[in-house]
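As written, the chain order gives the labels A, B, C, D, E and F, with residue 1 at the start of each chain.
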Amino acid sequence: MSTLHTVNKSPFGNATLSSCLGHCLPGDAVLLIEDAVYGALEGSAMADQVKARMGEVALYVLDGDLKARGIDAGKLISGAKCVGYDGFVDLVTEHDRTQSWL
Amino acid sequence: MSDIKKFLYVNRKPPYGTIYALESLEVVLIGAAFEQDVSLAFLDDGVFQLTRGQNTDAIGVKNFSPTFRALGDYEVTKLYVERESLEERGLTEGDLQEITYEDEDDDWEEKPSIRVVSRAEMAGIMADQDVVLSF
Amino acid sequence: MKIGVVVSEGPYTHQAADTAYQFVKAALDKGHEVPRVFFYHDGVNVSTRLSVPPQDERHIQKQWTALAQEHEIDLVVCIAAAQRRGLLDENEAKRQGKDANNIAEGFRISGLGQLIEMGIQTDRLVTFGD
Amino acid sequence: MKIGVVVSEGPYTHQAADTAYQFVKAALDKGHEVPRVFFYHDGVNVSTRLSVPPQDERHIQKQWTALAQEHEIDLVVCIAAAQRRGLLDENEAKRQGKDANNIAEGFRISGLGQLIEMGIQTDRLVTFGD
Amino acid sequence: MSTLHTVNKSPFGNATLSSCLGHCLPGDAVLLIEDAVYGALEGSAMADQVKARMGEVALYVLDGDLKARGIDAGKLISGAKCVGYDGFVDLVTEHDRTQSWL
Amino acid sequence: MSDIKKFLYVNRKPPYGTIYALESLEVVLIGAAFEQDVSLAFLDDGVFQLTRGQNTDAIGVKNFSPTFRALGDYEVTKLYVERESLEERGLTEGDLQEITYEDEDDDWEEKPSIRVVSRAEMAGIMADQDVVLSF
């Protein structure tokens, strides 16, 4: 039993990713979409907080949103995985529920 | 899949600045007729929805906070409020409305609907649901 | 699998309606079923047929209408949210004494019960909003 | 003083249109002039005459229309933002080949230049949004 | 020459008040409206950051928004001043410009 | 009141997730015709609007980032970007597009429109305006 968490807001402007990281459980996955993809940037003020949970929680980033924003995948935290919309669908079906952090 | 699903309504936004809190409550009221296992979670700024003494006269917007006290009549009796969210905002449980329900399994005794839980407990409640609706 | 989808924000203003559209297309491509999409909050604004975006931008309402017709998706617009925001179909306009209506083909207005029913009848539920 | 006002969010969804309304009323009460209110982004949604809020809630469009008529305020709806979001007056509907229009009395559709002009011609400019 | 800054988002969910406090200048005023009124709560996680600027920047709270949210004026940071919509108008005219932090 | 006012457009939101960045740019383009003294401020998440290499094909939304490079033709030549905002986001000036204008007062020499400034300088720029429009 595990949960897919989606987050869609920039973590620099909004506390949503922070709250999600504080509530997800080992074995869960966090998928960053829309403006939340910035949350996977290496070297940012959020990076340490995100990396602290990555041993037990898998981090995914929606590839289309990353490219739209001009962020090269090479600038992401090591271990963050890029997925397309098809991968998004797989994450939804592979986990028991989806929690959208709005 | 069992006939009854566990529904969790997650409330993370404050009231009045946006309509999410009010429209979330409208879903809960309608949803009550479907006889599912319903819980409400209040965390982050969502805890502000439950403050006592709300008076919206000056802003010209409808005060919907009394509706929370009617939830018991709809058999919505589990309102989980996160302790850490209260503390970060300088609030205590005493700043919240009293919301109660009559427990049909216990000779209709009046019991509190608000259950203050830790962040870890809240995470466990979220992970124990079939459907999570976020507002 | 059966996947239910909620769209909670209006078109163009937020990316939610776009992301939901791409997600639903991908789910259908993978052979999943998306029996219903429920439009709530400002999401009801997606259903207006009066939108005229610039020529070089996507037409969000038409994208949804076409997808729904091709795959028999039930596009439900919440009546309470729609009334507040000025989205009416022909029947509602008559009932409310309004001289115009604006709901596009492929969308239907109904109650919040359709959202709960979707939660009960689908295997997964995904919300796109703000 | 001459105070210009911008409203950037839709009715009911955000409090911006309500706060702007209370602010404009207070400014007029104090003897200031509010020559124009400019509706941009989702703020254009305030101008629909098809809104039917519950009986016990305020009717935001009607509040603005009444205030504008009483105090001769120019309520301008940005045409580009309005087209995207499906807000059309009779002329625009004809021009775009649409079979309905939805702009309420007291509001007029015009260009973004009206916003800049307001910034130039007023002493203060206050924006209400999200 | 001074500026009235308005903020309308809860500082617990959103970084806007924090950014405003980082950019306002001595002699400016900050007016908390709508969901931002929570930013004046004494004893919250934001209180110290707000109080740190109050020597040089005046803090106002829109009274109607405070009452709507059930916050008693006695729970506010000492020195925060409650104003009505008429006071809001005065603040706008008394300062040279208004910057809305959206 | 002088004939020419100082207008500042404040951009604090990232592109694409919401429409504010695009619709802000539409105001700037229209506003250019009014021959006021125009500046643009990019701070907080607004600095993300200027990243180079934006490609929106997969999300189906229009890529408006090339429009920033046309601002010079509209005589909009002052784009202030806050250094601290870049740093907090793990970005450097090299991650931003090159945006230039031809300086009519200096033999049409091509000059950079982006000026990276400190937070204190940004506060000073904000305080030096007649009209501040926020998006």
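Quick note on the criterion: a contact is a pair of C-beta atoms (placed from the backbone, for glycine too) under 8 Å apart; a residue touches a chain by one contact, two chains touch by 3 or more.
Here the structure is a predicted model, which is why all the values come from computation and not from measurement.
**Student:** Enumerate, in label order, the chains that touch subunit A and subunit B alike.
**Tutor:** Chains touching both subunit A and subunit B: C, E.
**Student:** Report the chain whose CA-based centre is farthest from the CA-based centre of subunit A.
**Tutor:** D
**Student:** Could you please state the distance in Å, as a whole number, between where the Cα atoms of subunit A are centred and where those of subunit C are centred?
**Tutor:** For subunit A versus subunit C, the centre distance works out to 26 Å.
**Student:** Give, as an integer number of Å, the spacing between the C-alpha centres of subunit E and subunit C.
**Tutor:** The separation of the two C-alpha centroids amounts to 38 Å.
**Student:** Check each residue of subunit E and list the ones that touch at least two other chains.
**Tutor:** 8-9, 12-13, 15-16, 34-35, 64-65, 84-85, 97-98, 100, 102
**Student:** Enumerate the residues of subunit F that touch no fewer than two other chains.
**Tutor:** 12, 16-20, 44, 58-59, 61, 131-132, 134-135
**Student:** Quick check: what residues of subunit D touch more than one other chain, meaning two or more?
**Tutor:** 8, 12-13, 15, 19, 22, 41, 57, 80, 123, 125, 127, 129-130
**Student:** Can you list every touching chain pair?
**Tutor:** Those chain pairs satisfying the definition are A-B, A-C, A-E, A-F, B-C, B-D, B-E, C-D, C-F, D-E, D-F, E-F.
**Student:** Write out the stretch or stretches of subunit A touching subunit C in their complex.
**Tutor:** So the residues of subunit A touching subunit C come out as 6, 8-9, 33-35, 64-65, 84-86, 88-90, 92-93, 97-98, 100, 102.
**Student:** Any idea which subunit E residues touch subunit B in the complex?
**Tutor:** Touch residues, subunit E against subunit B: 8-10, 12-13, 34-35, 38, 41-45, 47, 63-65, 67-72, 75, 84-85.
**Student:** Which stretch or stretches of subunit B touch subunit A in the complex?
**Tutor:** 10, 12, 43-44, 119, 122-124, 126-127, 129-132, 134-135
**Student:** Spell out the part of subunit C that touches subunit D in their complex, as residue ranges.
**Tutor:** Residues of subunit C touching subunit D: 10-13, 41-42, 45, 48-54, 57, 61, 80, 83-88, 93, 96, 98, 100-102.
**Student:** Within their complex, state which residues of subunit D touch subunit E.
**Tutor:** Residue positions touching the partner: 1, 3, 8, 15-16, 19, 22-23, 25-27, 29-30, 32, 123-130.
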